[in-house]
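Shared between the two complexes below is subunit A, which pairs with subunit B and subunit C, respectively.
Up next is the complex of A and B:
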């Protein structure tokens, strides 16, 4: 007789070990009930388990294979899909094993348990009595309790006050944008924007030269209207060189960047040219200087007056005409002078 | 093998009595009781995956230039935070799997809590003696939503930035204290000081998870003290509990549910893409995008903000509340206020204060169920309005038309839902038909000769066949 190959010997050993373990687990017969006292509030049923145990075994082996596969893949080929598939299947196999074991292998029991009564008057009264007796012989109880309440409130308030140092006071900072008269409007790369850069039907985003772009007061949206298209009273038709209007790009509703421009270039041109915020659809009429025509914003889109310098570059002609950024309690107040 | 550890622990802690009780603890069986368990297991998955993620994340808005392996963003200026999540997702083995599993788990976590809450509301499980546990649960829902929002805000991609600026605007809009509040939280004007990112990180990985863990423990301790409720059935009364004991049957099945939850989440995390942040790009205040959808559990707030008419009351120069306050703060406050008050409202309505261990079916109390349907509708309409851009994309209905429809529905919808639901539940109760299976009841009658007969009740017979203890 020839020796079986090593791999087969290994397999036989593993299978044998698994079989021994399996047989050990099988109940020889139903265990004898304790004589005389079958608990009346328990229904106990021993399911026939052979098939179910095989399922559990296969599921657990599946877990081993999938988990080992995960480890191998992690080392050799860490691909997200394959890794997820392996580890997910490992857990799913484990779940199948546990649930089948819980429902088909172990004894199935239903028990009835009486609930305990909740609330016992006597003990409640005792507790109240114990608390009350603690104040026996104290003559100025009300006053002491009041003082203790005041002390507690004071200490609590004192403990919470340092939270105020988490941030600065409001003062004038929410009013202050980086725009000043004479500041050039630059694009995202820092190059000055000229009149020629702004075309009818499109928009450009501008920033104050030399200032941070992150703050809500900085980003500007620039659009150009046809001559005579502006529907503002004559005295408000200022700061719009060559029909170019600058608006804060930050929606006065919830602070999103107003980055959609609706400008029908051909018929039907009924919807007016408008800037639309993609978050909550506040819609601002550019012909009327940013007036709200739809959506939730409580204020118009603030306009920045512009002028043109000798090089035809766009330059701010002051700060926004109205407060920029989302509304707060002081947003309509007169701005402090810079 | 079992004796020695039991003896070891018992001789030191007297724990055998406790173990005896725990192993025989009874669980009533109903599929809907699994929802809370799924939420618990999601929390475990979130903890496990979250610890891994926390070791990679850099809570910093310091500017850096991307030089990683993802070509389209090569050379882009971005925050350290965003760069660290890109690195984690694209260069760390199994990093994307764990991040996506974490994200899916967060979505399922809150979904399971919401469904669990609906089960509790519709079956009256919040009634005495479980009010306190109900309040703990509602608190956990609020924390979970906040935690989820904080989590996807940390990434500092374009989508998180748009969410954070809206949160900042909602804080600003709060009457009187809003601006101070916002500047405190952000340490200055938006986008805030560098410490803001440390704050958000600490809140997301330490403070809220600890609070949730503590409340979960409290939730479970209270359940153990009171046992589960149960649906009426053979041998089940208001004073007992009928079900499967913890050991061995229930422990194995529940463990199976844990593994199944983890398995499904890992499969989702590996196979179904979620929040591909490298496509969104870094956030700048001047950038935004259309068609951006937040995680599902903030959809109702986006919708609330969206369908609110432009109402911003001010007295002279003093603004009473910014518009974002109504949809972003007051709306959720009212919803959560109603949820907290619910046990008290229900008690008022029923005018009864006794202990309830048997659950109602939704039809058993048409008024309560209709009120819950109305509340749900009030939340569901803004939720749908939160995806107007998807509706426009799919159906081509303009934003403006949609917003107007949702505005009307937000007012009329709950009322309509209340009326319809009340009728449906009352009819179901009267006819006692299963909405899907039809009539399932049988009537047992005493016959004239003294025997008993069991018959299906004739259609149109309005007498209540089941003697109920209700007045």
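Up next is the complex of A and C:
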């Protein structure tokens, strides 16, 4: 039986590479060695000089001094900067000492490690023969191989399917916000925000009273517009008492906090008022109910309808008008009916 | 040994260059000018009537092309100054934000002004005759930096950064507050200059605390030694890794050697 060409090629390549390495490493004058005799050291130098030894000695003493300095400082003057300097100096001295010692003091030997031929040729040929003989006398090889492939694929699929039950179902929790009709808007300290707390040209951050602030749906950003400044169709001008609009503070792009509000002091020479996300500069037009005017966000900043209770405090008038939080595919499809 | 040293020349030069650059990037300590109303253009006892009489002429020469001869503003060029008070005039003139070369420009702090301090005082008194808020008198000395930091984080850091080094918002620069005095802070909070929102719901104590914090950011304590522009941990980490990478390359260059041919 002839050897399969691929394995022969591999063997030749390996042998060739080993030969090239040997020829490059061996000095040309090296006499041919007898097999079985351990290779002699090809090069052995004793480079140690007084100067090199002195350098190592100085470096190691420097290590001792610096490390001792660390200990003294640790007790006497625990300044982190000086402590770090001492310890760093100790390590640098140690490294210098080790490097110089390794290269200039101890004997330098260059030897070649003899390597056995990779694999046992006889065993390889034997295995190849066994594999060949395994297919003898089988007439419907294609069909059997196909069936084996189908069996492997089916078992693989069966192993993957249970991944569907990993973790809890997300379902509607991404849409549930803590805002309910009648829930008061409070500031960071828990005090209810009143109409008077929101000034034209200013902004405030609000939270749902008595609910967690950790949820993406919780934080609100509140701004106040001049009467008649809102540029929305009449039927959409709801939930904005005294011109106060509440928006989710979470950018619908990547979920950053929309913490910037630009409000022009003199509009004819400046851009119009807008909420801006500091992460990627998505810019939302407050007059148009949070419409996106710039940046990577894919949709408007969701608005929370507000109303005012008898004490002039701001309360929610329902949930967000659109899905809040960062966008993903289907962010709006699974939204439950309010 | 000498050969080894010669081999080291290039990497050593790179490391030294890197260190020098990093040193340049680190700013020197900024002077802390915790002035209060001491720096204001007008004080309570000043003769406003006399100043305003002279101020009208300066106003007509310098300001009226945009704000109008009657200070009611010119549509598309400049706003009315009736009712903005001495507060706004002091803020814009004292920090040389006004006069502006081009009405479309963003007013920003400027080192010089075509007006002398006396002329600025006169204009401020003149603008004050139309009514409006007086120059505030912040007193940050008694406020706590910790309170100021909390308030600054809540209201200001979104744009100015928690280290008060400014930034960008679409179509505007956000100024750094390195030169902002307590008076500047108090006035800006009231005015909301250019695209900045106004924060009139902050009370005087809160404004004092914010001004105290802003003063504290002028000369922060650099625990690591280098401030690296005080723009946060990411550039600090980058500088560290850069230096570490140079040090590693240098070490490898020293202890490694090529395969002899």
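What we mean here is this: the second predicted complex is superposed on the first by the 215 of 338 C-alpha atoms of A that agree within 3 Å, B and C clash if a C-alpha of one lies under 4 Å from a C-alpha of the other, contacts with A are read in each partner's own complex, and residues count from 1 in each chain.
Throughout what follows, contacts are C-beta pairs under 8 Å (C-beta built on N, C-alpha and C of every residue); 3 or more make two chains touch, one makes a residue touch a chain.
Here the structure is a predicted model, which means the values were calculated and not measured.
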| item | value |
| --- | --- |
| First (subunit B), second (subunit C), both or neither touched by A:327 | first |
| Which superposed partner A:288 touches (first subunit B, second subunit C, both, neither) | neither |
| Partner chain in contact with A:250 - subunit B first, subunit C second, else both or neither | first |
| Which of subunit B and subunit C A:112 touches, first, second, both or neither | first |
| Which superposed partner A:307 touches (first subunit B, second subunit C, both, neither) | neither |
| Touching partner for A:81 - first (subunit B), second (subunit C), both, neither | both |
| Contacts of A:205 with subunit B and subunit C, given as first, second, both or neither | both |
| Subunit B or subunit C, by number of subunit A residues touched | B |
| Touched partner set for A:260, first subunit B, second subunit C, both or neither | both |
| Shared contact residues on subunit A - subunit B and subunit C | 81, 95, 99, 102-103, 205, 257, 259-260, 278, 281, 283, 294-295 |
| Residues of subunit B defined as touching subunit A within the complex | 24, 26, 93-94, 96-97, 100-101, 129, 162, 165-166, 168-170, 172-173, 175-176, 178-180, 182-191, 193, 226-227, 235, 239-245, 248-260, 262-271, 284-292, 302, 305-312, 314, 316-320, 322-324, 327-328, 355, 357, 388-389, 399-400, 403 |
| Subunit B-touching residues of subunit A, taken from the complex the two chains share | 74, 78, 80-85, 87-99, 101-103, 106-115, 118, 163-164, 166-170, 173-174, 205, 207, 213-216, 218-219, 249-250, 253-260, 277-283, 292, 294-299, 325-334 |
| Of all residues in subunit C, those that touch subunit A in their complex | 75-79, 103-104, 154, 157-159, 167-172, 191-201, 225, 251, 254-255, 261 |
| Parts of subunit A lying in touch with subunit C, wherever the complex brings them together | 24, 81, 95, 99, 102-103, 188, 197-199, 201-205, 257, 259-266, 268-271, 274, 276, 278, 281, 283, 294-295 |
